[in-house]
Amino acid sequence: MGKLSQEMPQEALLKVSNIDVFHGSLQVLWDVSLEVKPGEIVALIGSNGSGKSTLLNVISGLIHPAKGSIEFDGRHITTLDPFQVVALGVTQVPEGRRLFPDLSVLDNLIIGSYSRNARSKREQNLKMVYEHFPILKYRKDQLAKTLSGGEQQMLALGRGLMSDPRLILLDEMSLGLAPKVTDELYKALSEIREGGITILFVEQNVRRSLKEADRAYIIEVGRIVLSGNVAELREEEGVKKAYFGL
Amino acid sequence: MTALGNLATPLVMGVLLGGLYGLIALGLSLVFGVMRLINVAHGDLVILGTYFAYFAFTILGIDPILSLFIGMPLLFALGFAIQKYLMSRSFGISMEVPLIIAFGISLIIQNVNQIIWTPLSRGLTTSYALESFVVGGVRIPLAYLLDFIAALIVMLLLSQFLRRTYLGKAIVAASQDTRAAQLMGINTARIYALTFGIAMATAAVAGVFLGITFPFTPISGIAFLIIAFGVIIIGGLGSMLGTFIGGIVLGLAQTLGGYFLGAAAQMLIAYIIVLVVLAIRPQGIFGR
Amino acid sequence: MKVAIPGLRGGLVPLVIVVVLVVLPILGVPRAWLLYLFLFFVYLAMANMWNLLAGYSGLISLCQPAFIGLAGYTLVIITWNGLPFYLGIIAGAIIAAAFALLISIPVFRLRGIYFAIGTLVVPEALRIVFFLWRPVGGALHGGGAGYMVKGLAGISMSGFYWMALAIGITSIFLMRVILRSRLGLGLAAIRDNDNTAASSGVDVFRLKLYSFVIGAFVTGIAGAIFYIYQGYIEPVSTFTIRWTMILILSTVIGGIGIEEGPIVGTVIVVILHFLLARYAGLSLLIQGIILVGIMLLAPQGIMGFIRKARASRSPVTVSH
């Protein structure tokens, strides 16, 4: 456990190797591999139904792959349950935010620190979240469902941060939000990375993805078709054609 | 005596009884709220608590209310085990399977009680269960007042537990969005088992006070299941106040039904109210 | 005539079985055998109907005892008025079906599990009603408001048996016909997807109502036949969840939503009754344990298990 990562500091923090995933009898991911190194921001790009969210859910342990393996920090997490994955330091901020609507903002954040190792750092993390998103402190006693869309996304991100993660999986953060709010969120994201948290995010908006990430993977109908540094990908003919209409 | 003066007794008793009914419904509501499971064995589990107290009272000589110090942990453990070993496996299969399993558990408990205790009607006839007192010309059995107080205490404790503790918040979170709760690091399988256990601990309390108030048989559980269901339908889910109000409506239905139609008909009014409320609010008050 | 019966493909074996069953009493088999076969066919008819509701129509009905009991009490009223018992069977079935129509008003607004609880209330309420109400005059028999069924003199065990056989076999054919009719196809569409079925013009409400009323009618006939045999009816043992238990167990052991399920399941339930006849409480306890066990280990019941085993052995199966 952890051997490899200690010997080789640039070893991947998250390593997904050749996974096949089924929904019932329907295969949705084919031989997918992906790596995220410590401190990186990696984007996962693909259209609706390409399997992006499924991949995040597999990493989180909500679905288990039929084949292949997932390692986090050199440790196999392929068959772990979601709560065990969170306890190791991988937290997903799900699509659609999925806040607890009838709990207060503060209670949503507290639930975020449910994992045993996160509980001891609760106050410290709460302070950090309030620094990133001061509006949450202002609204801490309101019910989550009374927040605006942008505030809800901030709460979702903040709730994820409360689990004291080393890797955050972000699913469609900017969906349905005004560009200004999105800017604000991505600004917070780069600050979060500065704080030492690695980020893997899923985003519909390709321009935005290639702007914010260090590297990106492009997924189409369940297969990774391209990957690389965003600078390279921007120049790639296929990407230009498919995503920028050039 | 005026007709109104006569009515005062069933009115006061109905309200007090409502506390007991709210208490009986509490566990059913909790399990439904968190797992979306209608535990049709709930009434029988309450009656199991009553029989445990009966055992403690008649054989060990322990006061029924004191016996809760053993009865609550016992029923908690039973509930925990039912969820962990039986229900949890069934959730993924289909909607009917957990219901039918609960039905099977109901049958098992009824018949275990029948084999041990025979079908005879019994009661927790403590000295205080038979006492009554007079307030403003209304004679009230002490047992009814105890029901009400016990219900208040349990509801208050439970709502504080859900509001203030990590575990309580996790239970509430899981009831609002199971998947999100999982993603926040909550072991929902364990939360489910604990929830079932807590629900059964409240059932143990309900069982004792039920036994102090009414005679019971091994098949009394169904009647109390229907009442508990009615309470939730009327009072809504997840609201302690609603549960209390639902309990009082059905408590009044029973005492007033008994007053106007005779003792044999007292449950009929309560059942009809449940059916009528179902007809008016098709989604039940469960529907969100 | 035998050719005209739908679903009787290569149906010589079933025909022979039916003929043998019909002549069984004449062959002088012991009375106890006839009694168990009688119970088998009564339960089978009821279980087939429960399968139609729960297995094919998505209606987990827990109010079947209401249909059984209402038919039984109708039988009493008819026979106490000097009319022949067979009129009582028909009237009982009609009353049961009419009652199904009536309670469909409140309970059909409920979905899934709420429907189950809504229907659970009905027999409990009826038990109290029949405890209070004495539909015909005369002396009470036993505890509660019990009645003897009149006008049964001269019916032998063979007579009871033939009646049960008739309704049992009819229920099997009825299931075959229904499942291959427009009603059955519509139900299959609903089972696959409620919304799609509704948007493709299937009247979900009406189809479910048909099932419910047909189920009540046939269950009513079987119930009336049971009380003709028992000769006596009273509320406590009539409007009881025990009936529901028998039907669920028969359906679930054999395989819910599978046509042959109730046949297999009812055989096992009756054998259990036979084996455990002396220990009434224990018998129900064991049935409860079996019910839980089957649901956990083989939720599709024995027939479902056999089907699966066959499918996995056959090489032509679609890959999973």
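Order as written gives the chain letters A, B and C; numbering starts at 1 within each chain.
To be clear about the criterion, a contact is a pair of C-beta atoms (placed from the backbone, for glycine too) under 8 Å apart; a residue touches a chain by one contact, two chains touch by 3 or more.
Nothing here was measured: the structure is a model prediction, and the numbers come from that model.
Peer 1: Which chain wins if you rank chains by how close their C-alpha centre is to the centre of all protein C-alpha atoms?
Peer 2: B
Peer 1: Looking across all chain pairs, point out the one with the most C-beta pairs in contact.
Peer 2: Summing C-beta contacts for every pairing gives the maximum at B-C.
Peer 1: Determine the centre-to-centre distance between subunit A and subunit B, using the mean Cα coordinates as centres, and give it in whole Å.
Peer 2: 43
Peer 1: Counting only Cα atoms for the centres, state how far subunit A is from subunit C in Å.
Peer 2: 54
Peer 1: Could you work out how far the Cα centre of subunit B sits from that of subunit C, in whole Å?
Peer 2: Roughly 32 Å separates the two chain centres.
Peer 1: Taking the touch rule as given, give the residues of subunit C at its contact with subunit B in the complex, in rising order.
Peer 2: Residues 54, 60, 105-107, 109-114, 116-118, 120-122, 124-125, 128-129, 131-132, 241, 245, 248, 252, 256, 281-282, 284-285, 287-292, 295-296, 299 of subunit C touch subunit B in their complex.
Peer 1: Applying the document's contact rule, which stretches of subunit B touch subunit C when the two form their complex?
Peer 2: Going by the criterion above, the answer is residues 38, 40, 86, 89-90, 93-97, 99-101, 103-108, 110-112, 114-115, 219, 222-223, 225-226, 229, 262, 264-265, 267-268, 271-272, 274-276, 278-279, 282-284, 286.
Peer 1: How about subunit B: which of its residues touch subunit A in the complex?
Peer 2: Touch residues, subunit B against subunit A: 166, 169-170, 172-173, 176-177, 179-189, 238.
Peer 1: Show me the residue ranges of subunit A that touch subunit B in the complex, using the header's touch definition.
Peer 2: My answer: residues 60, 62, 81-83, 86-87, 91-92, 94, 98-103, 107, 110-112, 114-115, 118-119, 159, 163.
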